[in-house]
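Take a look at the structure below.
In order of appearance the chains are A, B, C and D, and numbering begins at 1 in each one.
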Amino acid sequence: MDNILEVRDLVVRFYTYEGIVKAIEGVNLQLREGEVLGIIGETGSGKSVTALSILSLVPPPGRVEKGSVLFRGRDGKFIPILKLGRKELQKIRGREISIIFQEPRAALNPLYTIGDQVGEVFLVHRLKELCKDVLDEINTELEKAQGFKAKVLSFERSLYERMLRNPESKVIKLASKVPIVRRFRNRLKKAVRKHVIELLRLMEMPDPERIVDMYPHELSGGMQQRVVIAMALACNPKILIADEPTTSLDVTVQAQILDLIRRLKGKLRSSILYITHDMGVIAELCDRVAVMYAGYICEVAPVREVFREPLHPYTRGLLDSIPMPGKELKPIRGTVPNLVNPPSGCRFHPRCPYAMDICSKSVPKLREVKKDHLVACHLYDKDGERS
Amino acid sequence: MLQTAKSTTLKKRLEPTLRELRFILSRLKENPLSIAGIAIISFYAVLAALAPVIAPPPPKWRDPYMIPRYGFIPEPKPPNEKLIFGTTEGQYDLFYGCIWGARTAFRIGLMVVLSVALIGLVIGSVSGYYGGLVDEVLMRLTDIILSFPGLILVMALVVALGPSLDTVMTGLILVGWPSYARLMRGEVLRVKSQDFVEAAKAVGCSDFRVIFRHIVPNAIYPLLVMASLDIGTIVLSAAALSFLGLGAPVGYADWGQLISLSRNWIIGTPGQPLKYWHTFIIPGLFIFTFVLGWNLLGDALRDVLDPMMRRR
Amino acid sequence: MAASGLRSYIIRRLLLLVPVLLGATLLIFAVSQMFSPVERASLYVRDPKQLRNIDEIIKKYHLDDPFFIQFSHWLAEVLKGNLGWSKSVNMPVARAIVEFLPATAELVLYAAPLTIFLGIKMGVLSATHRDTPLDHATRTLAIIGWSLPSFWLGIVLLAVFYGVFGLFPPGRLSVEASIYVNSPNFIRYTKLNTIDALLNGQFWIFVDALKHLVLPVATLVIINIALLMRITRSSMLEEMSKLYVMMARAKGLDDKVVVNKHVQRNALISALTVSGLLTASLLCGVVITETVFNYHGIGYWAVHAAIQLDIPAVLGFTLFSALIFVAANLIVDIMYAYVDPRIKLG
Amino acid sequence: MNALVIVKNLKKYFPVKGGVFRTTIGYVKAVDGISLYIRRGECLGLVGESGCGKTTFGKTVIRLLKPTEGSIYFDVPPDVIERIEELEKRNPKDPELERLRKEYDLATYKGSRLKRLRRRMQIVYQDPSTSLNPRMLVKDIVGEPLKVFKLVDGNEVTERVLATLERVGLSEQHLYRYPHEFSGGQRQRIAIARAIILQPEFIVLDEPTSAVDVSVKAQLLKLFKSLQEDMKLTYLFISHELNIVESISDRVGVMYLGRLVELAPTRTLFKKQLHPYTEALFSAIPIPDPDAKKKRILLRGNVPSPVNPPSGCRFHPRCPYAMDICREKEPPLEEVESGHTVACWLYAKR
């Protein structure tokens, strides 16, 4: 399988009053076509920051210091996302790569209706298709129309043709502001609305015709998250990044959303980068797993291997921390380090039961120790390779 | 032995507080505007403290706040070697007035702000914590006072009480406390809903302890920021009333009053349009920089205290 | 459900006005109680001739009776539109308000939109260019504008632009213009000089009136702009840090659209809620500015009344300004309820 | 049966204000008639989704909230309980019953009696970043209960605080620090220290592991277990994390919309859920094992509003097995197997 996304040597730091938070230190990650890659990690592991970096959305005071994010476009060429200009980036965001967040309520603008907010995606990325649809509609109407009505229709047609040629056109912008003339947009609005309703229906929302006109606060958390997913999937993106989309939801609602994501994945054939701290969700949904700790990736492997043969001591500790009947609970000692002054060498060494001298001195590299199974730990260093 | 044990405990106890203060200071130091603010305020503090040395009142002068005058003709005299700021209308010594005016400004600003902040703190806390009828009555009272544009109500009060500096201060206090009470009430409500307040009740704390040990320390920062930003505004209001002739009596060392004296001399003589510039430019600069100093400090304080609250 | 929620919100808001207005009048009346019955008598008369029989007035309006009986009589008079006699201008207070209001209205007509427009614009610019020189410059200017004593600013502007350059004179109109305006050839439709001048086709009067307006309007704008700018900036910054903004960018929206559509609408709602404050601060500013520029509006009248201890005028003006302020806040609240869909549930 | 806590028909309603005059237009029935008992030394788990009233129940039991109705008996001799039950059956207005309730029923307590109660029952909250006063030092936070009850003097406070901190895995160096200087897990330990310093008998643990990281959850869980053994504590463990509840509780109750729908010993319940809601809830939890393929029951719709709960069985609009009677009558909570009680018409004797 081919990689559709590659993250290379990513370094992200946050310049806060407390000091420089070294959130991500050299992350390498490959997302393959059609797979679900899970990223698991605790607070401060850098999993969310990784997600945001992929879309070049790291908020200030954060800065991407180093590294690149390569996305394989429709023509098969890799596009360096972090080097793109504003306009090119906008063409990727929401169309090729989408993201959904943990708090659906906060991710929706309280002042616009669901229809407005979902429709925006169509207007930004699929304006041309919409224009064509509207033009077809106008042309059929024109055949029957006469007199004044025909004039209005042909005027509208000229506007839509212009919009099709150049969506940024000044004439269109002006016409959208002039009263009465502005009404030509109603057709576009109607077309968008139709698409939004269709999309909401795909999200298995009850009564989409009513929901389009509702405001976010009128919906429950689960419904809000469906709206956010709808926005993300509106353009059938190649990659969906899901940043803990069910964490703020109740378990029964979480089950509904997970089920929805699983089924949509089959339908839309997107690759999914699924970020969570819940081992259960990973087990249910993912093909491969990357385990992150304090800004590093410590292990990447197919999901079964992570659960059956975890190699990194942290992964093992994580699995042993899950209470299971008939199994002794073995928590990891200590706490997650402060990323302003992270431990030297392997950042896990102060909590690691197998820590050696070298662990506090040098950062272990992520290497393939078995087929398709990568780990960053000095326990698996081959002799002579220590640096 | 016991003594040293106690002192080390005290040291340990104060350590985190000091660390916090150092953090605030270091943040303030990063911001050039706040340094400017602190410098201006310190400058005026020195000026006010040393007023009797810098501008000694004439011997046997009864009230040092009354500006000595050199004659009675109305036309102001320009700055000269003896009177470095010159005189204003009625030959009042402008330099003396400006120096002693710093004392007046500090007195008005600090007295009024401390009073309104204290009243607002108590009323806001009680109102927010107990809620119910007490809250309803107190908040309607603030509604009533806040339904007037502040300065205009103060003006009416001053007219009713008889114009003087004291009534100006009384008026500013009577009109000023409701905004503090409102702010404090809102903060108390916010803090009250947090678990640690309930946890305090769960371990058996009394209402008094809950309010003053748990709620107020967590609710007071916005009040402090508002107070520091308000000192300048209050000095401006008092100066405006003095300017309108409703504050300090003529001849009193008050900056607003000094500007009021210059009103007939704004336009100079033909050919010399700015002949009497010193009468309004000098006291005006005093007010302006004084207020600017407090506003800079207040602004910086808000920026510093804000991320600190977010940090938790 | 939503509509009925909005209606009950507005009804509730209107009902809340009753105790507030009652309290405000009570407060004003309590202030008046600091004067002797003889002084207070002028609160009730419509004509100074009545003051010759002061005892009669004291008796008629129960000025020696207990507080609340007096209050009810006074309130009845106020509701009838009788606010007493203003000795400083020799006319009833109510008429004085009507006489002086147009001048002030004209001042506010120019100052308010300018303040709002520039304040919001500067706030938005400052927020979108956070921590750039532009931001620092706007913020510094705002702090300076906010620290300037309005009366002093007025004086300095007057000394420079009128004294040195002879450009913008104080007052409301020049002598010639004033004569023409008061002549029968000139129909005073609105009593706002600039508008009436245009309606009468007298362009020179328009220019004349405008010249007189420049400095007071500039003073009001400079003093008040800081408030709005700061509020707009901070609410913009707060909104910009919210998740829905990141979501909008993640959807592929242009940063400009994100700011103009998503952020600004939310931020302006918070700015809207404080525009009530702006009304208050304009009203206070008018008092000082009109005095400095010798501009005969309602604030000028109030200050001169205050100096002459013209009690009915001061109290009448205070009550009037409270009414304006309360009404402004009411309008703001209702607009807020219309703009923000969330409030309808409350 | 040696019950430490007995709750009878407990109700807690919160008024909903609305309309023009902000009058009460309804009630959120957060807890709507719950009866259960907690044995001395056991851990009773309470699970349910957000808004089901489990936290309100916990807070009402230790009287941080005043119940709208019902009784709470804490450490009452069995003969007194018997007497009360007898009187209740015979004549609910008996003066003796009233006297006994005043004496023993926590629901009637006020003022100083309530304060004395605080020494014996404590609570640990979900989010330690809000349950610790950010302006107090750790020593003062943990030592506050001692000061409030004036149990020991100055120096001894420090000693007791230190001993307690060490018991929960912190040390002397943490005494003079502010909460924000700690990680989530450490903060929760501070909160636990505050709860146990008065050596209470009963602790409500209100989702104490929900806000911390996976690796820390396990640490806390171990701590809770060892504290329970050492101090002979009785727990009410409220959580929505089933695997956590499973590992610590002796018995587990399931709540839905203010009602208890099922209660059984942990083993029994995790092997076999009787109530359709419990079944769906348990099936919704993702299992951390990629090979564990299981049947998932997806519920329709959302939890209804507790202001207007559905008639009859509150679960019926979402229940896959709903019958006519479910819409009409509320099912009673009945014991269907030994120790396994359930409120569902599928099992009730009609």
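Before moving on, here are some points about what is shown:
Going forward, a residue touches a chain if its C-beta (ideal position, glycine included) is under 8 Å from a C-beta of that chain, and two chains touch if they have at least 3 such contacts.
Treat the numbers as computed from the prediction; the structure is a model and nothing was measured.
Centroid distances built from C-alpha atoms place D farthest away from subunit C.
This structure's chain pair with the greatest number of C-beta contacts is B-C.
Averaging C-alpha coordinates per chain places the centre of subunit A 50 Å away from that of subunit C.
Subunit D has its Cα centroid 56 Å from the Cα centroid of subunit C. For the pair subunit B and subunit C, the distance between C-alpha centroids works out to 25 Å. Residue positions of subunit D in touch with at least two other chains are not found.
The set of subunit B residues touching two or more other chains comprises 311. The residues of subunit C never reach two or more other chains; the list is empty. Within the complex formed with subunit A, the subunit C residues making contact are 241-244, 246-255, 262, 265-266, 269, 339-342, 345.
Note for the complex: subunit B touches subunit D at residues 9, 12-13, 15-16, 20, 194-196, 198-206, 209, 213-214, 217-218, 311-312. Every residue of subunit B that touches subunit C in the complex is listed here, in rising order: 33, 140-141, 143-145, 147-153, 155-161, 232, 236, 239-240, 243-246, 256, 259, 262-263, 266-268, 273-274, 277, 280-281, 284, 287-288, 291-292, 295-296, 299.
Remark: subunit D residues 59, 62, 64, 115, 118-119, 122-123, 125-127, 129-137, 139, 144-145, 148-149, 158, 175-181, 191, 194, 198 touch subunit B in the complex. The part of subunit D that touches subunit C in the complex is made up of residues 18-22.
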